[in-house]
Structures are given as structure tokens and as C-alpha cells.
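Chain IDs A, B, C and D follow the sequence of writing; residue 1 opens each chain.
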Amino acid sequence: MPDSIPIAVLGASGYSGIELLRLLLRHPQANLVAVTSRQLAGRALSDEFPRFRGVGVADSLRFTAPEVSALVQAGVKVAFLALPHGVSLQFAAPLLEAGIRVIDLSADFRLRCAKRYAEFYDHEHPCPQWLDKAVYALPEWRPEQIRTAQLIACPGCYPTSILLPLLPLMREGLISPEPLCISSMSGASGAGRKESVPLLFCEVQNSLRSYSVPVHRHLSEITQELELAAGRPVPLSFVPHLVPCHSGICSTIFARPAAGVDAAAVGEVLQRAYRSQPFVRLLGENRSPDSKNVVGSNFIDIGWSMDQRSGQLILMSAEDNIGKGAAGQAVQNFNLCHGLAPTEGLLNI
Amino acid sequence: MPDSIPIAVLGASGYSGIELLRLLLRHPQANLVAVTSRQLAGRALSDEFPRFRGVGVADSLRFTAPEVSALVQAGVKVAFLALPHGVSLQFAAPLLEAGIRVIDLSADFRLRCAKRYAEFYDHEHPCPQWLDKAVYALPEWRPEQIRTAQLIACPGCYPTSILLPLLPLMREGLISPEPLCISSMSGASGAGRKESVPLLFCEVQNSLRSYSVPVHRHLSEITQELELAAGRPVPLSFVPHLVPCHSGICSTIFARPAAGVDAAAVGEVLQRAYRSQPFVRLLGENRSPDSKNVVGSNFIDIGWSMDQRSGQLILMSAEDNIGKGAAGQAVQNFNLCHGLAPTEGLLNI
Amino acid sequence: MPDSIPIAVLGASGYSGIELLRLLLRHPQANLVAVTSRQLAGRALSDEFPRFRGVGVADSLRFTAPEVSALVQAGVKVAFLALPHGVSLQFAAPLLEAGIRVIDLSADFRLRCAKRYAEFYDHEHPCPQWLDKAVYALPEWRPEQIRTAQLIACPGCYPTSILLPLLPLMREGLISPEPLCISSMSGASGAGRKESVPLLFCEVQNSLRSYSVPVHRHLSEITQELELAAGRPVPLSFVPHLVPCHSGICSTIFARPAAGVDAAAVGEVLQRAYRSQPFVRLLGENRSPDSKNVVGSNFIDIGWSMDQRSGQLILMSAEDNIGKGAAGQAVQNFNLCHGLAPTEGLLNI
Amino acid sequence: MPDSIPIAVLGASGYSGIELLRLLLRHPQANLVAVTSRQLAGRALSDEFPRFRGVGVADSLRFTAPEVSALVQAGVKVAFLALPHGVSLQFAAPLLEAGIRVIDLSADFRLRCAKRYAEFYDHEHPCPQWLDKAVYALPEWRPEQIRTAQLIACPGCYPTSILLPLLPLMREGLISPEPLCISSMSGASGAGRKESVPLLFCEVQNSLRSYSVPVHRHLSEITQELELAAGRPVPLSFVPHLVPCHSGICSTIFARPAAGVDAAAVGEVLQRAYRSQPFVRLLGENRSPDSKNVVGSNFIDIGWSMDQRSGQLILMSAEDNIGKGAAGQAVQNFNLCHGLAPTEGLLNI
């Protein structure tokens, strides 16, 4: 058994960050030596998150202000950044220069192209030189690059749920170039843990609504990866919805299949792609995934259906937006980087 | 003020039926003289539904077994059928023959074509002669026919949310013949009030899932009405989802606009169509409707967006599945038939 | 039919204020001529609350800054104050001096005794002279005083649910002087509509917890009214709980009955007290009220049970915390003041 | 590391049973060799519970009909009974006679006294001779007896939440003999996974209500254990409430302290009792436990408060009703019986 790896979590006060702590506090090979938060500095982990009381180092480890030198001194080898968009990139460079591997959960390093970043994020990327070095780290898709990467950009929650069903089909030419139509639903944890009237219980409980129509920022990375796999432009519309769940994403994708493609061909390509992937569960034809079966886990469930009447392929996926769509995937990448079993610390159900 | 109209509700134990009672108990022109349920015969309305205690006739009126002769004797002029699919048609004919107008909330008389009925409902329609006489009663769409109809078939919940945004655009040729992609989400009341493990609180609360993929029965009436309006075949895929709300439907429709159609043109056509319709609220371009603003009411809120990247039009609607999508619409049709103000008894908010 | 009464609502951005608008927009005798909010000044009601779009004056009436002179000029006869604690009292005096009746939903004028106010609210009452003139306005309990009052202090949500079952029993000596034990549960709307992490959907959804133990401010008014009715000190412990509902309060009260008091005697006293009260529904012995039967309405449901094993009386009530516990009760007091039918505008179900 | 222990779960289709499977599928020392269900015989675990797909033996292990001889043949050493009340006792005797240890989650063997059983369960106990041999297995309270017991009766969910805070205080005489008042709230999983209209999502979501007033069956075991600890009769009233959560229990207990007992004394006794207990987390004075911090875990959180005004002690606890209150406690007892670390397989958070 390899020695446990000293790690730090920066910015753990949001829902993905809390989920990350939950996983890392119990990960057999991770040694949580630092947790940073300017705001919570001085408090013990379990003071802020009473759920963790009595578990691992949660009672003894205290939040500190985020200082790279202190992390170096603590012997940190891997830093998980659960920071807001725009803040991660302030920490990534100094950490990397200090020889610390960075696993970033934010959107800061997901796009290869600085121009696309500017288009979707409304400002120039401040350190475009790092975009080249970062790996868009969908572990089922480019494990070799992740294994050796120093800057690991974990995919967004919606993109993960959309790319995993689509990428193999795109790569193998099963999808025609007609625009894709994608409708996703997410629990409220995806909107963050921040003071906000629209996210209050009483505002969300009886509410079903789309948002960010027609341009959600995740569109940028979805398009980037689909185009890389297909080797052509991939037009698509993406409409996310907020629904009254804590966690969970359910994505429904409408696509025109290439000529002659049927449900069996879709199933075969997916099975070939994910045969040895422990976290992708293929449910089969006309089987609808249910977010309740994946929430709290690192699994993604995928079903598919060929609608004979309209001639369209329907792909359906479910994942935990803060699990496989964020913290779980980050840990999966951590396992990959360190030669651990892919399921290490991730078989919670 | 016209005299109040003696009415009956048959089969009021489901969620649409309860909503119907809620509306009719307080409707200024409706005089609820009979409520039938084989199972509940003998019980007072408010014994079964304690919410209604102390309101109108709820304490005094008792459920009776459903017998047409008794309804005739009670002077019933209008019978609302909140019965399960397949049961309504057993009562409709004798009621109509006894001169009682029928407002049916089931799917039994929604399709004009017996063949299509057999295709979607897995058996021959037992009284196809009535299909011709029934009116598919979307009150904003064919008020004149509804006004004089004896057999009023109220549209389904999903179809209402999909047809109202699409019909004017279809009629005026703004939509190209490419397949439509429709993703709808519904609260659990749409699945009915029946003993069922999958509908238990603990099964639904954290669950997001599609169902009936690729063929939901409502597809039949959606297609029928779109094709009538467009005057051509309308291919479409429809995926409904169950989400953890009591009530509410949110529909998101992806359509290819005809050449030269922009968001402004869409807005104009919708405004022209619904200018004088009190229950259709047009929110405008890039505005997402929210089911929480319509639940408990007879309103439907509609927004639209043109996605320049993919060249697709996105239509979005929200309604109460058991309100505008069922009981409210039935009462709206009742008002129409009897020359009452369209909003009579329906301006609950 | 009397002329409609010009009214204003001050501070309508919280959940009780929204509920008040919902009731008053549809009240047949209320003419909503002004709605104030410093923050929302200039916006139409239905811009802020899209639910109200298309209803009454909601599209035309705009929020204004709260200025007494403008309200006088607009001819306002009654001002409903849905302002936070401590703010109401800044407006009450000038309104009253301008001859405008004040119906206050805050806690500012509920206590008769300035000393008790200081004890529970951590500062001296700034205008104790008004405490004498205010009426603690439980409409079932002191209708005569309410009818002629200029300053109407509406009871708090928890107190309403606790006082209505207890007061008649206290007055008639059915309860022994042992300490009462009261456990209440409230939906999250009771905690207000404010930017707050602990009230986020994701924080409340799976959470059951007591709060403000052992001293909640409502204890002060509960004790005041029970002691007035009993004519003796009434020791009690009160523990409120926050549960994942939008609205609704359920209170369970444990009391030692006086010697010889049985369930029948309890039932008789309650029936005598509430025989002619349209909003108090007595469910009977061993019958548990359910908040879902009262939410959205002005009803309070009450049950009772004698626990032979422990010799204790258990009283149980359910109401809508923002309905009967706030806005509904305010409208009920409005009806009382203006000689309207008690149920006017309040028979929503 | 000891060899893993061959175990069986009988009747795993309810919420406690599913939770038990969740824990046992991942328990390092448990070897799940049989799962029985008459109804599900032949199906794989993960067919019925898709959440478990890909985890441990869930894809390969199939439900079988419950036959003791087959369990013997499979080498089962411990049988967990997650069967309904009244069914467990049919299996317990033959299993015990075959030398298999029984860990029963039902109420069948919790009472020492057959007469009390008959009083609360409406029929004579069919095998009263086993009541003597069973241990009421609260692991913090009688570990020595549990360690060697063959028939382990796991406490009920409500009793666990009530007994853990009260027992040490009762034993040490800190509570006066006045009647206790106990108000508990439970998520809907406590009501079971059965076809039932009152447990539908739409019935539970907006509902707060007490039930089984004044006599809930759990009263019998609560009283039994409190009286054993106190050495005197303990009168009490217990009112459970159903609230719209999946899981979680929150109990609030009002007690009259013995003369001279203050909050500090209460804290000291609790700390002494639970100092070395890994699953009891004492939050301190005036600190309210929150069910969201314990759901999914085996922890119970406890707070306390002395209400000076009324002279009453308020004890508050939170646990997961299907975790510490059922399946977690069963596994904790399993660990105890087999000399494993108490937290083995139970430190999920």
C-alpha cells in the first residue's frame, strides 16, 4: 500500500467543497493536512460542518488563510481548488510553480482557447499560457493525459452528464451534423451555497424553471469537447433547469443519428467505450436513469432510446452534480494521478 | 346575474378531481348538487377531504354511487368527468343521451381518429361515433366550437403546455418541418393518487427521471393538434420527466424556425394570438417561466428565445398540471359554454 | 354593499406581506391604493411578484417609498404594516396621528407591558404609550375591542396556534398550574425572506431542528395572553422547530388537566367557545390536525386527546403560519373593524 | 484481521432493509451470502435496487425464498431480520435453533414482559419463552449482554432517540417523577415502503401532523427501559409527528429535573456516560441538534437546555431513523458481537 498523500483543499465552503471534504476525510490514501478559507480561518472543520464531527481529522484540523508558502511547508503534494470561478486562477500558478499538483474544480482552466473563454466569461483570461498545459480531465476519456498532468481541470457538472453519453457516439460518427437539443435538470446545490433570496427553500421548493437561456457558460466546454471528438463543428442548444432537489442532474439529449444507425449500434458503441469503466453504468435501451440512484455516489447512469416516429435518438443520463459532476470526479482524477485503484474512496453508495 | 347551474362531478378522488372540487365549491355560478364515487358513497365531501371542511356544501353533500338516472333527477345540467381513462367513456354516452352536457377530463374523447386511439391506447375505441362529436377543448383555440359542444374533451396536462406556445406559430408557418424536440417536467400529482410504491414520498423526493420514453400517450393528441394547425405532418420527440414537486409543469420546446423568422416575429404572432386571452401570460424574449408563479391558478406563462449559435427557437411554458392543465381548463370551458366571464371562479392566485 | 375601503400595504416583500397582497388583491371590499417599499420603489407589483401578473391592480400599481403624507393624500383609511420588528413602530404613530387605522403584523405592539418587551426584545420600547392603546388582536377572542381599535397588533404565528386551543380551557379553569410543555413545528416561510445561508433550499430540505431554545420571543405574548385568561401565572416551556415545508405550523401542547377534567369536558368548552367562529375547526378527540388541510387558508384545525397513562391532556393544532398566523388574521381583523362578513375575501381553499 | 463473517438479510425490501444492505454490502468483515424475499425471489439485488449496481455482490447475489435450511447450508452465521412486526418471530426460533445468531430489527422481541406486549400489540406473544432470552440491544447501554447474546432485539427508531439522552439521567436520579412530555418528528421512511395513499409524495410533501395519539406502540419499550434505569414507574406522554423528509428523527423531551439539578449536572452525567462512545455526539447546552447532520450516518447528536422560567429541562436529539435508529444500530450490534471495532463499516458520513 503506498504511503498516504498529503493534500490540501482550498475554499471548501460551497457544496462541491463540502462533498470533497466528505470524500477526502475518509479516503484511505489521502492525508488531509490543510483546509483553507479566509473567512473561516481558525475554526475547526467540524465546527463549521457539524456533520463531520467525530470523523477523521475533522475535529482537529482548522481552516487557515490560503497561503501557498504554508501549504508548501506542510508538505502538500496535491491541492484541490474548490474556489469560485476567477479565484482558482489566482492560486493555480503559484501552487504549480511550487511543485504542487492542482486539481481544479472551477471553470478557470477548462477551455483550450482563450478567445472562447473571453466570449463566454466576459473578460480576457489572465493567464492564457496555462490553458495549454491544463487537461480537461474527464477520467473516462483521456486517462493517459490526466495521469501525468500537473494542472487538472475537472469538467463542469452539466458537461459531464452530457459528454459521457455523447462522446463515443460523436467520435465514431453515429451522430449527424444536425443541431443537438439538450435539456438538463439540476438540484439546487449546483447554484451554490451563497446568500441569495432566489435560492431560499421557499423560493425553490415549488419551482420548476429554466435559466440562462439561450447561453449558459457550460455550453463552451460542451461544444469544445464534442467538436474535438467529432472533428467538425457541433451546433447545439442547451437549456438547464433548476428543480427542487438538493443534488442530482438528469440530462436528456435529442440527436439525429447518422444514416443507418439504430439503437443496437448505439448500445454497442457505448458498451465498448465504457466496458472497463467502473463508474459508468449503461442501463440499456428505453431505460430511464433516475438521479436518486446516483446521488451521493460517483456513478453516472446512461440510457438511450430510438424514437422511430421522429427518427431521433434520445440519450438520457443521471449523475450527482456535486459527486461525479464535481467532487467525485476530482477524487477519481486524484486516484488516476497517483496510480491508485480507480474506485479508491469512491464506492460510497 | 344568471341563475347558478346545477352540476355534478363524477369520480373526484384523484388530484385533478380534488382541484375541480376546490374550484367548483367556490364558483359563483356553479351549484354542486352531486358528487359520485362508488368507493366513497355515503361519506360527506369534507369527511374525505378535510381541507374543504366549512366551505360551501362540503359538509352537507355526500358522495353517491354514479347513476345517471339519479343525476337527471337531481336536475344536473353539466357533468364533469374526473374519471380514469377508459371509465369516462362508459358514462359519457348515457349522460349525453339524457341531455346532460359532459366536460370530460380524461383522454377518452381527445382523439378524432379511432385508429390513432387504438395505436396509442392498445385497444379499439368502444364508441368511435362519439369521437366526431367531441371537441378537443383548448379554450384559447376553438372557443366557438366549445361554446356549443355537448361533449367537451379537455386537453391533457402536457399537451396544454406544449400546444399553447406552438399552435399559433404552426398555423402561421413560422416553424420549419424539422422534428421538434420537447422536454417536459411534471410534479407528482400528474401521476395520480393511487396506491403505488414508486409514487411514495421517499421514492419521489430525491428523484429526477424521464419516463415513457420514447412513447408517451399524450404524444397522440399533441401531434393531432399540431398537424391540424400546420396542415402538414409534424414529427416530434416528447420526453416527460417526473420531478419532486406536488404540482406544476414546465415544458421546453426546441424547434427549427422557418427561414427569416426571428424572435421578434415569434413574439408578434404570440401576442396577436393571445392578446385578449386572460390566462395566457407572455413573458417575453429570453424570459423563463417558473411553475411556482402559476401553481394553484389557471394561468400559463410563456417565454421564448432564439439561440443564434444553433439556429433554433426555444419555447418555454409553465402551468399547473392539475389547474390549467386539467381542472382549471375544465372550468374555463364551463364558463365558455354558459356565457360566463372567462375568469369566473378562476382568479385564484 | 359598502363602498370599498382604500388601503395601503407597507413593506410587502416578505412572505407574510406577499400573502397579504394575495388576499387583498382579491378582497371584494379592499381597494389597494398604495404599496410601499423603499427598495422596490418604482416597480410594478407584478414585476416583483410575477405570480400576480394579470390580477387586479398588480400590473398597474407601483411600489412607492413609504411616506405618510403620500398615503394620506391617496385617501388611505387602513394601513397594513408587514414590516420587520422595530420598523413598524416608526410608522405606526404618524399613521395613527393622521387618522389612518393601523393593522400591524409585526411584534411591536403585542405586549402590554414595556418591561416585558424590554426583557424579550433586548431594548426599551421607544413608544410605550402606544402599548396601552394597541389591541392584541386575536379576532376569536376579543372581537369587541378589535372592532373599535385604531392600532391592531396581530398575534404572532406560533402564539395563534397555541392560544386558540388553550385560551378557553385556561379561562374556564380546566388546566392545572403545572408547567405547560409546547412543541411547535413551522415551515421555512416563518423564518423570513432574506438572504441567508441557513435558509437555503439545500440547508433546509433535509433538516429537522429546534431553535431559540429555551427562549423564543413569542414566549412573551403566549404567556401574556394565557395569564390574562387564567388569572394566574402560567409557567410553560416552548420549543419551536424548523421543518422542510414552505408554510404551515403544527403545535402540540402537553398540559395537566385540573382534577376531574376529561376529554369530553375539554371538547365541550372548545365547542362552546368556537361554535360561531367560521375559521376554527374542531376535529374532535384523538384526531390529529394536518397542516396540509389549512395551508393557503385562514382556518385553524384543533384536536385533543387525554393520555390516560400519564394523566396529561394533549392539544394539537394546525394553521398556515403566514395565513391564519399572519396575513389571514390581519384581513380577518380588517373585516371585523369594517363590519364586513368575517369570511369576506378569506374563503380561499 | 478476522475472517469475514457469512451473513444473511431476511426481508430487505423496506427502507431499513435497504439501508442495511447499503451498510453490509460495504462492510469489510461482513460477507453477504443470502438475501431473502418471497416476493423478489430470483431477482438480483441490483435489479431491484439499481442504486447498488456495480457494488460488491449486488449484481451477482439473487433474492431467495426465506428457508432456514438453505441459510444453514450456505454457512450463514448471522441473520439480520428486516421483516415486518409479527413475521420476525416466525423465523427467529428456527434460526436460533439452527445455531444462527439473530439480529432482529422488528419489535417482536423488544419487550421483556408478554403482558405488556399483548397490551400494545393487540394479541398474545406467540413465543414468550424467547422474550427472556432476547436482549434489548442499545449498544451504548448494555454492551456486555449484547456481546454474548444469540437473539438481539434492536431498539425502535423513536426509542433510540429518546432513551440515549434520558437513560443516564434516569439512572443517576436527575429527573423527578413528574410525567415526561416527548414530541418527536420523523421523516416518512419511518412509515415504511408500502403501497399507501397517505404516504404518497403529494400527501406528505406539505404535511405536518401528529399521529397515533395518545398511544404509539413505541411507548411500550420507552417506558420499559426508562423504568429499568430509574427503578420506579416513569409516566410519560409521547407524540410522534410525520414531516416531509425522507429520513431523520428529531426528538424534544421536556422533563422536570430533580431538586438542585442544573444544566451543568446534566452535561456532566451525559459526558460521563458517553465519553467513550463513538456514535453519541454531545453538542452542549442550548445547542439544537439538526437531523441533516446525522442522516446517512450512525451518529446521534444530543443537546440540552434548562428553562429557568418554567423550571424544566429540555433534552433534544437527532438521529437517522433508518440509520442509528435501525440498520446502523443493527450493524453496531453485529460489530459488538464479533469483537470488531465499533465503527467498522459505520463511518459513512
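What we mean here is this: a contact is a pair of C-beta atoms (placed from the backbone, for glycine too) under 8 Å apart; a residue touches a chain by one contact, two chains touch by 3 or more.
Bear in mind the structure is a predicted one, so any value in this text is a computation, not a measurement.
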Reference chain B; chain at largest CA-centroid distance: D
Angle of the C-alpha superposing rotation, chain A to chain B, to the nearest 5 degrees: 180
Between chain A and chain B, centroid-to-centroid distance (C-alpha), Å: 39
Approximate Å spacing (C-alpha centroids) for the pair chain B, chain C: 37
Centroid spacing, where centroids are CA-atom means, of chain A and chain C in whole angstrom: 46
Residue numbers of chain C (touch at least two other chains): 187, 203, 205-206, 244, 246-247, 290, 292
Residue ranges of chain A in contact with chain C within the complex: 15, 187-189, 193-197, 199-206, 244, 246-247
Touching residues on chain A, where the partner in the complex is chain B: 178-181, 183, 185, 187, 203, 205-211, 213-215, 219, 235-237, 239, 241, 243-250, 252, 254, 256, 286, 288-292, 295, 303, 305-312, 314, 316, 318
In the complex with chain D, residue positions of chain A that touch it: 22, 25-26, 50-55, 278-279, 281, 283, 290, 292-294, 296-297, 299, 301, 347-349
